[in-house]
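One structure, as structure tokens, below. Some questions next.
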Amino acid sequence: MLLSPVMTPEELNRFLDRDFPELNATRRVYVVTAVGPGWSSVRCEAGPEHLRPGGTVSGPTIMTLADITAWVTILAHIGPAALTVTTHLSIDFLRKPEPGHLHGKGRLLKLGKRLAVASVDIDGEDEDQPFAFASATYSIPPR
Amino acid sequence: MLLSPVMTPEELNRFLDRDFPELNATRRVYVVTAVGPGWSSVRCEAGPEHLRPGGTVSGPTIMTLADITAWVTILAHIGPAALTVTTHLSIDFLRKPEPGHLHGKGRLLKLGKRLAVASVDIDGEDEDQPFAFASATYSIPPR
Amino acid sequence: MLLSPVMTPEELNRFLDRDFPELNATRRVYVVTAVGPGWSSVRCEAGPEHLRPGGTVSGPTIMTLADITAWVTILAHIGPAALTVTTHLSIDFLRKPEPGHLHGKGRLLKLGKRLAVASVDIDGEDEDQPFAFASATYSIPPR
Amino acid sequence: MLLSPVMTPEELNRFLDRDFPELNATRRVYVVTAVGPGWSSVRCEAGPEHLRPGGTVSGPTIMTLADITAWVTILAHIGPAALTVTTHLSIDFLRKPEPGHLHGKGRLLKLGKRLAVASVDIDGEDEDQPFAFASATYSIPPR
């Protein structure tokens, strides 16, 4: 699978801002930091509203990061197709996240005409072992 | 499987408020409305912060409702075990939700000593066909 | 969702025989027993080759029954589209199956132009509680 | 996660033969070929009974390879705990497999006291892009 990204992190961030304004409504939380052939990275700077009592990041915040990272990984390779929608997401919560930024690392598994699939590792600052692991499928609109 | 709920909707709502204060932080969004043998219902009153441009409820809001509904379905049958944590969640997004309240309807599939599993239909006001369908697994702490 | 089956169990069994000859190669194992609006039932008559030591049905046999049941549930409503292929299958193994026939009960969750989704309960002779629970997605070829 | 395998491929193959005699009943189909820190590889030599008309490997054969590979990846690191059972398996079928041997490559995502999680790439002879991708959860018996 010869894959070349067709969007830069800057273009993807502008696209997220325009298409998903609710994500970074009050301040910047989800930021595309890097893209490469078949992969992308998204950082989540969780704020108090994303934390559970005790200081760990909430499950919904991790699911949102997984979905955004997989979606960004696909859009980075097909261009700004806003109508690309999640049809399935499966996530394993592996261990309680430590306080600090989370990093989604997406891997493109399939890029078809109608369906695309990506997996996502959710890592902490130290990428030793993931806090969560997800895979997600997206329906690509006819072009 | 002879199942009898051991918590009322009122007790579950109080437990959610205490244990997940971030869920209904600014106003009441997620409300347990009914429990029965092997099932529970949770209503989501989405506000502007949960909507995508165009007025449909966002994916993360639907995933959160699925997780809460499955969790509530289990706690309703085992009692207030706050350390019961999601280990896996799988969700199919079936069709774009229409504006209006969403309703999670949970079904208990397994209630073991260490693991519990529930499925969830995410319906609109009219329960004709679900907008989304999820299943989730929870690890129950040793008692 | 007004759904009416367009194939009978007999037609579906003939279609399985022709399209999946390896399933019932040596003797009849998987049999469509009933279809209705939005659902279908498939019986699995496990033989020695499907059993684990101890007499319980093997995991692969249960996964095969889940896949066939979901696929049959969809084909029963769209007609004999042999190129309808599984794109995703998620299964929870809930409890060890007891010896005896297994029954897959499929429920149609979505019937779109390009994608269809069904869930499946895997029950024993007594339908009290499922042994396994699955959901699966299928890509429907353009018509 | 400092991980060291505690079983060799030879020990794992003997264990499979003894514990899952139905897998390689008539001839050797599933063979553990390598293990390393946090991973293992299993080869599937599909025979005529595993092929669909047209010569591609059947879905159930691929699901079985995914389950065995994830299970072997875990046992390689905890030792021969035969009662370690699959509780969940999620699989994406990405593209039609070409004729030839299939290779499952397992990656350990979590090794807890009670639960272990692994992901699996299902590759062909050339590992360029996977045919299928799975993740699976196992319940480990108390020791």
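Per-chain residue numbering starts at 1, and chain names A, B, C and D are given in the order in which the chains are listed.
Convention: contacts are C-beta pairs under 8 Å (C-beta built on N, C-alpha and C of every residue); 3 or more make two chains touch, one makes a residue touch a chain.
Everything numeric in this text was worked out from a predicted model, so none of it was measured.
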Higher-contact pair (C-beta pairs counted), B-C versus A-B: A-B
Chain at maximum distance from chain B, centres defined as averaged CA atoms: D
Between chain A and chain C, centroid-to-centroid distance (C-alpha), Å: 33
For chain B paired with chain C, centre-to-centre distance based on mean C-alpha positions, whole Å: 28
Interchain centroid distance [CA atoms averaged], chain A/chain B, Å: 23
Of all residues in chain B, the ones touching two or more other chains: 87-88, 90, 92, 137
Contact footprint of chain B on chain D as seen in their complex: 87-88, 90, 114-115, 137, 139
Contact set on chain C toward chain B in their complex: 1, 90, 92, 94-95, 109-110, 117, 119, 128-130, 133, 135, 137
Chain B-facing residues of chain A, complex: 19-22, 25, 49-53, 58-60, 63-64, 67, 85-93, 96
